[in-house]
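Look at the two complexes coming up: chain A is in both, with chain B in one and chain C in the other.
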Partner chain A sequence: MKQQPGLTLIAKTVTRISVWLIVLYGFYIIFHGHLTPGGGFAGGVVIALAFLNVMLAYGHETVTRWLNISFMHDLEPSAGALFLTMGILGIALGGGFLANVVHRGTLFNVFSSGNILVLNIIIGVKVAMGLFVVVWSLAIFRFFEGGDK
Partner chain B sequence: MPVETWLIFIVGFMLIGSIAALEMKDLLSAIIAVGIVGLGVSMAFLLLQAPDLAIVQFLFEIFSVVIIVRAFLKKDYHSEGEGQRNRLLGGITVLTLIAVFLLSIRLFKALPPFGKPLMTTARYYLENCASQTHAANIVSSIVLDYRGYDTLGEVTVLFTAILGALTIIRLKSKRKTEGEGQS
Partner chain C sequence: MILPFFIIIPLLAAFLIALISGERDNWAIAVAVIAMLALLCLALFGFVTIGAQTQVYQMGAWKIPYTICLVLDALSAFMLVIISGIGLTALMFSVFYIRHLSTSWKYYALFMLLITGMNGVVATGDLFNLFVFMEIALFAAYALVSYGSRAEEFEASFKYAIMGSISSTLVLVGIAIVYSATSNLTMATIAQLLPQNPTVMYFAGGIFLAAFGLKSAMMPFHAWLPDAHSSAPAPISSMLSGVLIKTLGVYVLVRLFYNVLGAPPLFLKMFMIFGSISILVASFLAMGQWDFKRLLAYSSISQIGFILLGLGIGTRWAILGAIFHILNHAIFKALLFYNAGTVEMVLGTRDLRQMGNLTKILPYTTATSMCGTLAVAGMPPFNGFFSKLIIIIAAVHAGHPIYASIAVAGSFLTLVYFMKVQRYGFHGKKVIEREGVKIGWGMRTAMIILAVLTLATSLLILPGIRTAVLDPVVAVIMNKTGYITQVLGGNL
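Presenting the complex of A and B:
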């Protein structure tokens, strides 16, 4: 059998099952950021750790082939721009910068608290994509570094 | 046991971890010992009833340990020779630290007691958060609603840090490929 990049078959199988649970947990933390502890930053880091898990198990070449890296790279600054857009929307619809523009639902509902949920999702996307791109480029950098050994 | 006892225990554990990280010869053990410090901070946040901070600290600690191990494990930083220790400078440093500690005892006495802060802004948030923002998590409502500017600054910091890291990595790898092409 040809030697595949990455870890053993056991690690790959476990990763294939468990990574979706980790991503689900990250989405849970992001979407419940206004109800339970957590929020955009923590959930984004959980999702980035799920990507890191895949990359450790399968090797960075497989990940580069599977995922559209440049799209993920573009997603990060566009999330930042979306944050600014939400802020300017607050000025446009009356009120100050980052004023609430979304209807505030009832307390303890998932779709409540207006702007906070939207901003949590934006920050989660930004943090996840940013940290993933950093880890991915570190892996590529080690690839070049290991070339002369 | 009261919270303070646990905190003293955790701080002692962190001190041991940081001293171990300084003194260990093996790089991987030193990195793991640095990780102890971050996890201790996370535990301290949990004991002080700040679960938001505890989650973020815990995740970032794991993330940074993985990144540091990935980045530095293959390199030959192990062969670091015994540094020359200057006795005079070390003595001056210890004396200065002792003097600062002795002089700051009065400062510690002047601090408000533990759990009774001087700022009373938090009381306003506690009373009005649920009715004004309709968010059950007060931390989230403060970070994203009352202090939205702050979070925008954090996002900008993250963006700039990632931009800088990517620039440095790209420069280094480009130089590496050029060097390989010439040789």
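Presenting the complex of A and C:
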């Protein structure tokens, strides 16, 4: 049997099943950041780890082929810019940078925290994409022979 | 309210640069220049309008003990003007200088993050927020120091990162101690509560002195500076030496020890001792250097010593001299680093012994370097003369003749090692043929602007201009309890 890049068939199969649970857990942490421990950063890290899990099991060449890395790369600064836009919306509508502009909702529901949920989602995207792209670039990084560049 | 825009504009510019730039750096340059121009206009507007007042901005429309507040007074507006002014010339210089290293947009994104961090440190009125912005500025600085991707640059950047992390850890410990004692992170509230507990005040003060002393590279904590500042690309060296060690180091020391801790005499004494050690030892170390940028880096430590000495004496004139020297040092040290960068770009060396007949090859660089040299050595009528003179007279006046003579000796030693730069470097005997590298008009303009400023800022000492520009800044520092009442205002 021809040697494929990445880990064994067992690891690949387990990853194929478990990765969706990890992503789901990441989304859960992001969406319940204002109700339970966690939030955008923690959830974003979990989602990035799901991608990294795939990268470990299948090898970085496969992941580079499957995923649109440049889109993920662009998503990261866009999330940062979106966060600032929310802040400026706060100046325009709420009387201060990052002031609440979204309806506050009912207590203990998922929609109960106004801006916080939106900001958590933005931070989640930023952290997930940032962390994944950083580790991906480390994986594809190679030293050139003989040079110090 | 203009305050949050000092942080929003550079941060948004950094994200936009990362988003819209392609392979080339054209869009990145356009966005960065527009952002810096906007920041300079805002900072000048803020400085002109603020006068003796204080503006407080409460984030998220919350009220003071629960919010992060931003504070604009004469001192922070003064620092914001320095950051944006030197930042704009550094950007002009970079456009041509960095293209000979690479044409990537990443440099400009990192540069805007550096500006974000420094503006944030200066504008914030919250102790933990200060730590966060300090880290933003430092992380951008670590990456920018190693931008040329040579082995020695990575080494310098790594050393800087280690020392920076140690000092950041100390800052965090200090903040934790202050928070456990006062249950508060707003600096004005801490200033109100902390003097009731002198043990905590002295303990936290000692930790902050070590931490921010490391950031401002005063003498026992200086080891990272000569490597980092000499390895970085020239515009970044000038930002680090001219602005970063002052915003992250000296400005925070002033804010914390004068406005928050109320200038305890013990710490002022330590400022004077560390300041005079820095002046003397760094001057002798600089004298032994043959590497142009390394010599300038040691000279920065020595000039920071003058500023600390002025702050330690603590009279009105001494603080005026220190504040004036912050501005002057930012201008002439940035200029000298641009000169060093230009020489390095054209000749490919930083060794003073390998240079020669630069008057013919680089006439503008040689002429502006003479302005920088005379200013740093304290020759009249350049700006460095007046600020050093004020500090020395203030030292004598306050009854510290020994410190005054140390400052005089330091000023003389500065002249000695900068004469070495002129004698061996710019007017050396070695005959060098002109090489193919051309310096761009942006580099030349940046140097000429700063050379003119070394003369023009001398005018700030004239009584009429001084009362409008420097005296409000001194008043903020001298009025120790004024900060509390001004910031807390109706929330007392």
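Going forward, the second predicted complex is superposed on the first by the 140 of 149 C-alpha atoms of A that agree within 3 Å, B and C clash if a C-alpha of one lies under 4 Å from a C-alpha of the other, contacts with A are read in each partner's own complex, and residues count from 1 in each chain.
Quick note on the criterion: contacts are C-beta pairs under 8 Å (C-beta built on N, C-alpha and C of every residue); 3 or more make two chains touch, one makes a residue touch a chain.
None of the values given here were measured: they were computed from a predicted structure.
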**Request:** Check the residue A:100 against both partner chains and state whether it touches chain B (first), chain C (second), both, or neither.
**Result:** both
**Per-residue contact with chain A, leading partner among chain C and chain B** = B
**Which superposed partner A:87 touches (first chain B, second chain C, both, neither)** = both
**Asked** Counting only touches as set out at the top, which of chain B and chain C does A:140 meet: first, second, both, neither?
**Response** first
**Request:** Have a look at where A:71 lands relative to chain B and chain C in the superposition and call it first, second, both or neither.
**Result:** neither
**Prompt:** Residue overlap on chain A between the chain B contact set and the chain C contact set?
**Reply:** 76-77, 80, 84, 87, 97-98, 100, 148
**Item:** Complex contact set, residues of chain C against chain A
**Value:** 4, 8, 11-12, 14-16, 18-19, 57-62, 149-151
**Fill in**
chain A contacts chain B in the complex at 29, 33-39, 41-42, 45-46, 48-49, 52, 56, 76-77, 80, 83-84, 87, 97-98, 100, 104-108, 112-116, 119-120, 123, 126-127, 130-131, 133-135, 137-142, 144-148
**Prompt:** Inside the complex, what are the residues of chain B that reach chain A?
**Reply:** 51-52, 54-56, 59-60, 62-63, 66-67, 70-71, 74, 130, 133-137, 139-141, 143-145, 148-149, 151-152, 155-156, 158-159, 162, 165-166, 169-170, 172-173, 176-177, 180
**Message:** Taking the touch rule as given, give the residues of chain A at its contact with chain C in the complex, in rising order.
**Reply:** 74, 76-78, 80-81, 84, 87-88, 90-91, 94-100, 148-149
